[in-house]
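Look for subunit A in each of the two complexes below; its partner is subunit B in the first and subunit C in the second.
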Partner chain A sequence: MIQILFISLITIAIAIAANIIFGRKYSQHISIAAVLLVLIYMSYSISAFTSGSLAVSESLPYISSLGISLHFTLTPISIMLITMSLIVTLAAIVWQGIRGANTRSINSLLLLFLLSAIGLFASANLFLFYIFWDVGVISVFFIIRSFGSASRDVASKNFLIYSIFASALLLFAIMLIYFYTPVGSFNISYITAHSYEIPIDIQESIFMLMFIAFAIKMPVFPFHSWMPNAYSDAPTSGSVVIAGVLSKFGAYGMLVLFYLLPVAETLKTYVYAIAVVSVFYSAFAAMRQNDLKKMAGYTSMIESGIILAGIASLNYLGEYGSVYMMLAHGFTIALMFIAIGSLEFAYGTRSISILKGAVSSAKSASYSFMLAIFGSTGMPLTAGFIAELMIFIGTVSAFGLYGIVPLAGIILLGAYMYLAASRSIMSTKEKLSEVGIIGKSQKAAMAIAIAAVLFFGVFPFIFLNMVKI
Partner chain B sequence: MLPLFVIAPLLFGGFISLFMRGRSHIAGWTAFAFSIASLILAAYEVLYSFGKAYSITWFAISGLVVHISMSIYTLNAILLMLVALVTPLIMLYSIGYMDVPSERPRFFFEISIFAASMMLFAISANFITMFIAWELLGITSYLLIGFWYHKERVPYAARKSITTILIGDMAMLSAMVLIWNAFHTFNFYSIMASPYINAMQIPLLLILAAVFTKSAQFPFHEWLADAMEGPTPVSAFLHSSTMVKAGVFLVALLLPLFYEAHLLYVILAFGIATAFIGATNAIAERHIKRILAYSTMEDLGIMLVALGLHALLAAMLFFIVQTFYKALLFMSAGSIMKANDNAENIYLIKGSTKNRLLFISTLFGVGSIAGIFPLSGFFGKVAIDSVASNIYVYILLTVIEFASSIYIFRWLFIPMRDPLTKGIDAELTAKYKNIPKTMLYAIAVLALLVAIGGFAYAYLPGLPYAGVFANTYMPLHISLVSGLTETIAVLLGISVTYYIYVKMNLKGMSSHRALHTLLYNSIAVNWVYSIIAAAFYEIGGIVNSFDYALYWFIVMGGDGLVFIAERLRRIVNGQINAYAVAFAAGIILLVIIIAV
Partner chain C sequence: MASIEYFGYALFALLALLALAAMAAPFHRRKKVSFVLGAVILAAITLTASYLFASGSSFYLLNIFRIYPFSMLFVGVFSILLLLVMALSYDAPGSFDSFFMLFGFAALGIVMVPMASSLIGLLLSLELASIPTVFMIAINGKKFIESSVKLLIMSGIAISILVFGMALAFPYDAQLSLVQIGSASGPIEGSYLALLALVLFIGGLSIEAALFPFNLWVPDVYEGAPANMSAMLSGINKKVALVAMMEISFAMFAVYSSTYVTIFMVLSIFTMFFGNLAAMVQKSVKRLLAYSSISQAGYILVGFAAASQYGLEASIFQMITHSFMIIGAFAVIMFLENQGIKTIDEYRGMSSRNRYLSIALSLLLLSMAGVPPLMGFDGKFLLFTSAIKSDLLALAFIAILNSFLSIYYYGKVIIAMYQPKKEERIVAPKAIIAVISIALFVIIIFGMYPQPIISIAAKAASALLGI
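Now for the complex of A and B:
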């Protein structure tokens, strides 16, 4: 039995160290090699998981007096999300190319973030969950703070304050759980089995605290105010990992929470209402954005709302649909941010009113952007379609006809995105003055994201076959 | 052989022609050759796998089993053969039409994918397969309508079509989700065989909404006229066998469900409204292709009327004959425009009689759309008239036929005029002579099909129809009375048009402004669209200001905390005196509190 998670985490940790030592020359090579290596482990684990020859639980003692151990489990969900994080981070690393002295530090931060993502999606206890959560937040904070655009100070400060607030709530909730379970424990499966013994009002408090913490991270209305600035002021690779992976921290946490406490059954209707409001709120808010990145940010908030709707339906299709949506959205939004970043790289602007006729000179970025739009409206043969199908079957079986309401939000989203595209991508053949030429590394990043979006849309069974219900 | 393979040559050919940047002169021929291969495969499939169904499992999770299902039943075979027949002709026509070499690879790629999605749609036997094709059709049509993305009105037209179609896509997805939850299957034939089908009005209404967006029915019809901004082969394809036909075809396929759910009257009502709107707009329009676009709306409306009357066979007959004449007319329009330097206004287009082959073929199309015996259009229209048992429907249909003969002969007569100056006339003659041969051959083949298409009338009733309620469909017949009424209406239409536009030589209806506004109601529809869009945009503005307010509220809250901290910090100033005073005050306060 190979303990794949420990090996993955150690590989990434070694890569970070190597990056710091040899990073001046070989940063890109080291980082890409490390991510690819872990990707190979993961593809092995997919096949091994299906045949049942994989250690699904890996544990090392850590603080035994508190019952805390370094305990990881591999579930189909964690394999999906880890694979998604790896591919998205790979695209983010590849996108930058080899440029200047910054490469080393941003790659180290991206790898650190990847480490936290792998740990978080596989952690079997809330203690580890919390630790990796904060590592992820801090590394992203430094990515925005050090490499962002003009108003990065404000953006990173907002991001940090919101995140620390969320962490505090999360920590408080975790401590409440620890004290109210019969035998104080952080172990998620133990808590799930015994959470019915927690008094109902305490359960509600825990639910509220954790819900707000995760809702901030997803983000969901009304806890999203950090999002527009953080997305737009982060560097492109930062936006890619924030929207693609970091927001999934919240979504994954929400999923854990809903299956952790039995009180979720009574609260799911309210959560669904919040999700629907969030979908429409962000769809309308997106309509007035002139910055493509902010538009993409609100777009991703719509998808977060749909993920939350799927989770709130509390049935298997909703659950796995929302996980597949996390995957699909990770790729789609990564593609979108990469395309926008490349457009900005080529023309020096990402304002919808200034950009015009991008397709005549920046073909690759324009077509990627269009594909990202198709993907986020849930076109079949992109991963989004599989996810939407599963989620909405789940919501309809949980909430009846109200289950299809969020689909109207996708119409609004699509309507505005096609408007943005027709202004910035189409509409003239005259070439804008270019400030840069989209290089091979950018094109490679787009190719990775496009391949991922289509691959998991055409071959959904690769992941879904792991699920045995 | 799996029916899925019929689309393989097209996909393959599309991708090959996409990568023919260097040899764009043969990109079209490559796509053409592969579309012929698809036609052969389709014919083989229809001959040897007729009546069979195929299914492969795509993925399965927690009770949700998703198949890719295909079937070659009668309706599938009809649509498959129509698409397979028209595709090579469109390719042939495009070889001559697309004269900018750099545009060819992309064009033939997109149109091959478009044709392939329509073929997939034709053979689909469950909602999943159908939806894949449905959305691919929408997206490729968006790319094709926006093909000349740099032209002024093109981005708007492309966006309008995709936005309308997106509404339909989401309606269709909702319907699919509801249907799965009710039946736990996506297969059309299993659903139709299920005993609860009268309990699904809402999903069926959602499907109808999707159909109306795709088939450009009221109130979602305006994108179709704007879609004329795309290249003409695209219009010819879009209006004959693909895209807009998808919606009608789906209704035909699921007709037993609509019948059981008592929704036929909805189909009938919307169909007749659209046919009316289409006919009136076509009379008032001046753009040579938009007249035909409104005419397509009318045709689709009439098909839905037939379906609403539960006359599947009459609808399918019209479905077949309309394909040929509409493709023919669009191709003629494209050729005439090409000879006239892409002029679009029929009053600016001259000399359409100058190319004899083109003109005679066009006459076949015009005669067919008007419904002149023995051209195929006659059979299609009269078969529908003959099943109209309701007298009001019958009268409306006759009025619409009268109107359609007016607009199509107006379309024919006005461009027939020769230019007044001799020099321009000679130049124009040369341009008509120079219309590429491939375009003319495609048109001639279609003219032949238009002439003989009426034979479908004899063959259709003999075919087996899948579905449990097949025996309740209205039979296909042509009554003498309907035929005579139709012919009289058409002849009346021709004479009126001849009198107005040739004898009196009127320059349109500019003198009758009120009448023009009444007929040309597309402006009003667009106005309503823009009001809805503006309303959403305004809501967006409100939400956005709220979003700002929320952001600033939180920032102010943060600033407020900093402000309090700043004040509190001043207390800790290191001066013993101040500390002593505070200490004493505190003691006194404490004593007072305890004492009281």
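Now for the complex of A and C:
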């Protein structure tokens, strides 16, 4: 039995140390090598998982007086999400190029964030979940704070305030759970087995606290107002990981929450209603944006809403559909932000109204952007299609015909975005002169994201075989 | 005589040596000699104490000192902290020779507080710990006199309240030893005097530990004193008072626990809120840290209020944690203050002045705010769970709330440091870098793997409670 997760975490930790020591020259090499190495571990674990030669549960004693151990479990869900975070972070690291400014610091923070993502998606107790959650938040805060665009002051403050509020609620909820479970415990599987013993009103308040905490991170209407600034003022590699991976912290937490407490069964309709409102709100908000990054932010919020709808359906297809959606959304939004970052690099602006005729010279970025739009509307052969299919079957079986309502939001936005993009970026009437030339590293990053979007759209069974759908 | 007792005597020989070295310092006037001598002796004390701690033995020495894991843990920790403060003070403006003389005696008192086995011993060592500190502030120059006089007055008041408490405790404890008052089954009936004595003890020690109603001297003194002395006051002297409070309440007045749990709870809540709310409006970073260290004492009291093995364990853990954090933070501040950088506004663009210092200060502040995986988080987490285990859910929630309130002002400093503003580079002296690095190392390593500190804290706590 190989303890894949410990090895992965240690690999990343060594890479961070190596990055700090040798990073002046070899930051890119070290970071990319480390991520690729962990990606190899993960692909091994996918094959080993089906044959059963994998340590599913890895545990080391940590704080024995509270019964806390470094306890990780490797489930299909965690394998999917970890693979997604690895590929997204890889694209973010590659995007910067070898000669980029501040690569050493950004890469160290990105790797730290990756470490927290791996730990969070695999943690088997709420204590570790909370620790990795906060490590992720703090590293993202420093990415925005130190390397963001000119108006990062407001963005990083908003991000910090919302995140701290979320962390506080999460810690409150964890303490409540610890207090009310028969033998105070942080272990997720133990709590799941014994949560029916928690009084129903306490369950409701725990659910509320955790729901708000996770909804802030996803983000879902009405807890999203940190999102537009944070996405638009972060550096491109930062936006990629915030939208691609950090928002999945919230989504994954929501998934854990729904299967943690039995009270979720009675509250799921309300949650579904919030999800639907969120989808339509963000669809209309996206139409009003002129800044491409903000538009991409609202697009990602639509998909967060759909993920929430899938989770709220509380059935098998909804659950795995939303997990697959997290995966698909990670890739498509990464592609979108990378394409936007490259467009900005090429033309010095992110405004849709100015970017008319961008396709004339920055072909790679423009076509990648179009592909990202297709991917986020769930075109067949992209990963989003499989996910939406599963989610909507799930929601329809849970909520009847109301389950199909969010689809209208996607179609609405899809139609708008095709129109907007074809009028401005893909327009052949105008010509735009370049400020910079998109380099190899940026093209490589786009290639990674495109490959991931298409690969997991064409071969969904790689993951779905693990859960035997 | 068992061979382990020789180590006890060796400890006292080392303390006597420290006093001798301290007295000799103003005569030979060799900075380096005093420093090396002091460092070697303190290191030897740490080693002896850790050996005695590991042996787990418990015995009385000369009838006035008690060697047991609780006292040995704090002797070891305090001597490491004293070493850090000494390294910080090496380049301080005042003369190091006279500093070292006073420092030696203060160290003697500080190390003797956890070992004292009688109220007289406790009082004398507390006084020995606090009086030299006053002059250690004053020798740095005229502008520090105000701060030192304030400290002198406050410690005078504290000592007199303690003496009054001792007088009231006398009828119940004629030897003035720290043994338990009342029978094991319950408190003495109609024992208002005993309760009054307890309250006076807690009140007197609260002045030195800067708990809520008695904390108004703290910001002035910390801000007026040189930063190395602020580090000593908040990193060591405050913990000394808390140690004395632990001994008096959990050893001597153990059967009155239902009474003082309420007292500690109220003190804790007010101290946390006062410290955090007042810190939010500060402009000077040093003053901000003074208020933050008030609120940290409030968190430590959460463990006292839990009044259980877990609670004391968590409190001891947090006391060790906070000492390292605050000494590291004051080390950064000391250096910046010498460069004329004092207010949060002046901290803008720190990351371009000196990247290492700004990373270090950010990590130390994040640890104080309780962000994982740093040691401050582990301490707070242990404290909150201990409160929950003792059914103090409301207290735990208030503490969590405060912990998140505090991120506001710590974040303010961090955000200011990373403001995009180009400043010229400054280089810190090696002694300060060394102290900061040690503090940082402890905070990060034991933050990620807290079990060693937790188990020694647990051993000390169970020794104190006599379990």
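Convention: the second predicted complex is superposed on the first by the 461 of 469 C-alpha atoms of A that agree within 3 Å, B and C clash if a C-alpha of one lies under 4 Å from a C-alpha of the other, contacts with A are read in each partner's own complex, and residues count from 1 in each chain.
Definition applied: a contact is a pair of C-beta atoms (placed from the backbone, for glycine too) under 8 Å apart; a residue touches a chain by one contact, two chains touch by 3 or more.
No experiment lies behind these values; they were computed from the predicted model shown.
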Clash-or-fit label for the pair subunit B, subunit C on subunit A: fit
Contacts of A:His194 with subunit B and subunit C, given as first, second, both or neither: neither
Greater subunit A contact set [subunit C / subunit B]: B
Which superposed partner A:Met175 touches (first subunit B, second subunit C, both, neither): second
Which of subunit B and subunit C A:Ser427 touches, first, second, both or neither: first
Touching partner for A:Leu317 - first (subunit B), second (subunit C), both, neither: first
First (subunit B), second (subunit C), both or neither touched by A:Pro460: first
Subunit B versus subunit C as contact partner of A:His29, first or second or both or neither: neither
Smallest distance from any CA atom of subunit C to any CA atom of subunit B, in Å, after fitting: 5
Footprint overlap on subunit A, comparing subunit B with subunit C: none
Sites on subunit A touched by subunit C in the complex: 61-66, 127, 130-131, 134-135, 138, 142, 145-146, 153, 156-157, 160, 164-165, 167-168, 171-172, 175, 178-179, 184
List of subunit B residues in touch with subunit A within their complex: 58-64, 66, 131-132, 135-136, 139, 142, 146, 149-150, 154-156, 158-159, 162-163, 166-167, 169-170, 173-174, 176-178, 180-181, 202, 533, 536-537, 539-544, 547, 550-551, 554-555, 558
Complex contact set, residues of subunit A against subunit B: 158, 161, 222, 225, 228, 281, 284-289, 316-317, 320, 357, 359-360, 374, 377-381, 385-386, 388-390, 392-393, 396-397, 401, 403-404, 407-408, 410-412, 414-416, 418-419, 421-423, 425-429, 460-461, 464-465, 467, 469
Contact footprint of subunit A on subunit C as seen in their complex: 310, 313, 351, 366, 371-373, 377-378, 381-382, 384-385, 388-389, 393, 396-397, 400-401, 403-404, 407, 411, 415, 418-419, 449-451, 454, 458
